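You will see two complexes here that share subunit A, one where it goes with subunit B and one where it goes with subunit C.
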Partner chain A sequence: MTLALFTALALLAIASGVLVFVVDSMARATFALLVSFLAVAAMVLLTDLLYLGAVIILMMIIEMVVMAVFMIMYMMNPAGLMPMSMFHNTRGAAVICGLLFAGLSAGIFLADWPERRGTRPEDPTLELGTALMEGHMLTMMTLGVTLFSTIVATVVLATGRGRYDRLGDRLDAGHPDDPAGGGVGR
Partner chain B sequence: MTSATPFLLPVLLVAGVWFVAVLDGALADRAAGYGSGARRALSRTGREAARLLVAQRRTTLAADGLLRWAGVLALIVAAVLAAGVVPLGWEAPADLSVGVVWFNAMEVVAWAAVWLVGWGPNSALSLTGGYRFVAQGLSYELPHMFAIITAALGAGSLRMSDIVDAQADVWFAVWMPAAFAAYLLSATAMAFWGPFDAPVGRDVAGGAAGELSGVDRLLFEGGRRLLLVAAAAVAVPLFLGGGHGPWLPAWAWVLVKTLAVLALLVWVRHRLPVLRMDRWSEVSWIVLLPLTMLQALAVALVVLARGGGGQ
Partner chain C sequence: MILEAFLVVAAALFTIGLFGALTQQSIVMLMMGLELMINGIILATAAYWYFLAPAAADGQVIVVAVVTAMAIEMAMGFAVVTAIYRAKRIDMTDSATELEG
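Let's look at the complex of A and B:
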């Protein structure tokens, strides 16, 4: 039963992954990719990693909906409403993908996989949290701050309007000059 | 009741949708000056559903019917799956160990669903509605996550029944009022209901739902109300003590509390004007998000002071 479900989900993941390159609309490509991700999330759920599976579903849906906005915005055809093709540099891509797939598959068979020591924990979510947050707290904190500063730096570099545009050269304007009004009444 | 709950859930959800539709209609009638037409409101929901069932479906040029159908179906499926973790009484149809995260994951399906429904008809106004919902989602999602995580933090568990057990003495709504308020706001926004119905607003001719007709419209409007019912039902185990209460059995308390939350959400819809996206975004990010973070911090400190950190 589990094997049949796993196979069905694996085939769904691959088939919808292929569909991304077959369909001629950016919206369909985006959501075909989402279906592929969700099939993978369901496979994670099958291994009883409920927390990871649910989080993958959550993250992937938010991510792909935001991606849909950007993918359609940046496609070469206006608004993504016209038929388009997802193929670029087909020959090079085929070679790279083939090599990568062969390498990863070889890795599966050649790697010296560790044997399970001990039994499956009562609550894998708690174990995962402890593993991430107890011994590797410093790593996680550094990672978090690095990611956060990267986001702030990117926004600072990318924004067209800084505080001088909003509050004047001396930063003394009583009311910021914003193109869109907000709800807080600043 | 245990073995029957999975089959009972859809029935209860549809009953909830009917309750929302009738109350909504009655309030709309009162506002329009039809007087106390309770019978009119009771029968109208059925008549409207029957009308949509037999109505001919309108189509648009170069519509993407597949994506539109995917969106409409996803909305309904997600609402039912989200409601599956709500304890009806003491037991949920699916009492997952990560119930809170599961509810969150199912409820963001609405983002994809509404965007797809807006995209499908190949119409500018309905696409505008779809994009509005994405903007609304990006604004409500973080305060929403902090609100539900605060309840889980107070109980030290992501399982809905554990969260209910932790409220045997004091409801979380009492000592986490900011999280409860943020939850109610985001639950309304999630079902694009009441002051948050700009994605299907009249100013964009019905927005995401503008081009829907016949069965499609029936399912979409039903799915939206299903989501509202699911969101209201989840407020009960998270903040209102689940089945805890005197005199009545647990299932009756869950029912009464859910209907009370639903009635509040429907009433608010008729009292407040539609919020514009730009205004709501700023309020959400600048007021609501820090507020829910402070609330989570306060609850974390209380939990630590009680000695409840590790298990």
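Let's look at the complex of A and C:
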């Protein structure tokens, strides 16, 4: 039963992963990627990681919906009106990826995997939480600081005109230098 | 379910993602390839934890770190796409040749 479920999920994950780069519409590609992520999350659930599986499901749904917005913003072939090839260097990439997959598979089947050490905990979520708040506290803090710096960096990169553009390098301009007037009292 | 089966699926996802990242012209589609590669890594890490070292939480912590890396990759990627599009009206990798050697 579990094996059949795993096989179905594996095939779904791979098939929808391929679909991402086969379908013409970038919006459809986003949702194909979402299906692939959900299948992988279900496989993570099969490995008893209930919390992490649920986190991946929730995060990927949000992430792909946000991605769909950007897909529509930067769509190459809107509504199929501008048919064009979205690929370059397909042959070289196919060779590289074929070799890589062959190498990885060879490694997977030839490697002498160690025996399982220890037994599975009754509650992996409790174990994860304890690890993050005790032994792996530094990991958690690093992740937090990295996420915060990401917020700052993305805002800096994505802002078209910030306050230094409007009010000068010393922020001491009497009137903001806006391309269009407006606002109360101006 | 065996470890090798999980790893082969993960390798397949990783390879498909790499193919997309190498072949797609649109920067946004390139990022979808990267996401697919990270997707494979998540699966492989969960399988390692389950089959090889379930007693320690280290494997789970790696999954948390990878998921975070995925979120950061997407946020930074879209910020860069927006910045490069605003500066040069570029949304294709072939046009972004400023650093070409």
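One rule holds for everything that comes next: the second predicted complex is superposed on the first by the 142 of 186 C-alpha atoms of A that agree within 3 Å, B and C clash if a C-alpha of one lies under 4 Å from a C-alpha of the other, contacts with A are read in each partner's own complex, and residues count from 1 in each chain.
Note that a residue touches a chain if its C-beta (ideal position, glycine included) is under 8 Å from a C-beta of that chain, and two chains touch if they have at least 3 such contacts.
Quick caveat: nothing in here was measured; it's all calculated off a predicted structure.
Novice: Could you tell me if A:147 is touching subunit B, subunit C, both of them or neither one (first, second, both, neither)?
Specialist: second
Novice: Return the chain, subunit B or subunit C, that is in touch with more residues of subunit A.
Specialist: C
Novice: Pick one for A:42: touches subunit B only (first), subunit C only (second), both, or neither.
Specialist: neither
Novice: Under the stated touch criterion, which partner chain does A:180 make contact with: subunit B (first), subunit C (second), both, or neither?
Specialist: first
Novice: A:119 contacts which: subunit B (first), subunit C (second), both, neither?
Specialist: In the superposed model, A:119 contacts subunit C only, not subunit B.
Novice: Once the structures are superposed on A, label A:55 by its partner contacts, choosing first (subunit B), second (subunit C), both or neither.
Specialist: A:55: touches subunit B and subunit C.
Novice: Regarding the shared-chain residue A:20, is it in contact with subunit B (first), subunit C (second), both, or neither?
Specialist: second
Novice: Please identify the positions on subunit A that touch both subunit B and subunit C, taking each partner from its own complex.
Specialist: Overlap of subunit B and subunit C footprints on subunit A: residues 55, 66.
Novice: Where on subunit B is subunit A touching in the complex?
Specialist: Touching subunit A from subunit B are residues 62, 64, 66-67, 70, 96-98, 101-102, 104-106, 108-109, 111-112, 115-116, 119, 122, 131, 134, 137-138, 141, 158, 275-276, 278-283, 286-287, 311.
Novice: Mind listing the subunit C positions that touch subunit A in their complex?
Specialist: Within the complex, subunit C touches subunit A at residues 1, 3-9, 11-20, 22-29, 32-33, 35-36, 39-40, 42-43, 46-47, 49-58, 60-61, 63-65, 67-68, 70-72, 74-76, 78-83, 85-86, 91-94.
Novice: Note which residues of subunit A are touching subunit C in the complex, please.
Specialist: By the definition above, subunit A touches subunit C via 2-3, 6, 10, 13-14, 17-18, 20-21, 26, 29-30, 33, 36-37, 40, 43-44, 46-49, 52, 55-56, 59, 63, 66-67, 70-71, 74, 76, 85-90, 92-94, 96-97, 100-101, 104-105, 108-109, 113-114, 116-121, 124, 127-128, 130-132, 135-136, 139, 143, 146-147, 150-151, 153-155, 157-158, 160.
Novice: Which positions of subunit A touch subunit B when the two form their complex?
Specialist: Residue list for subunit A touching subunit B: 25, 27-28, 31, 34, 50-51, 54-55, 57-58, 61-62, 64-66, 68-69, 81, 123, 125-126, 180-184.
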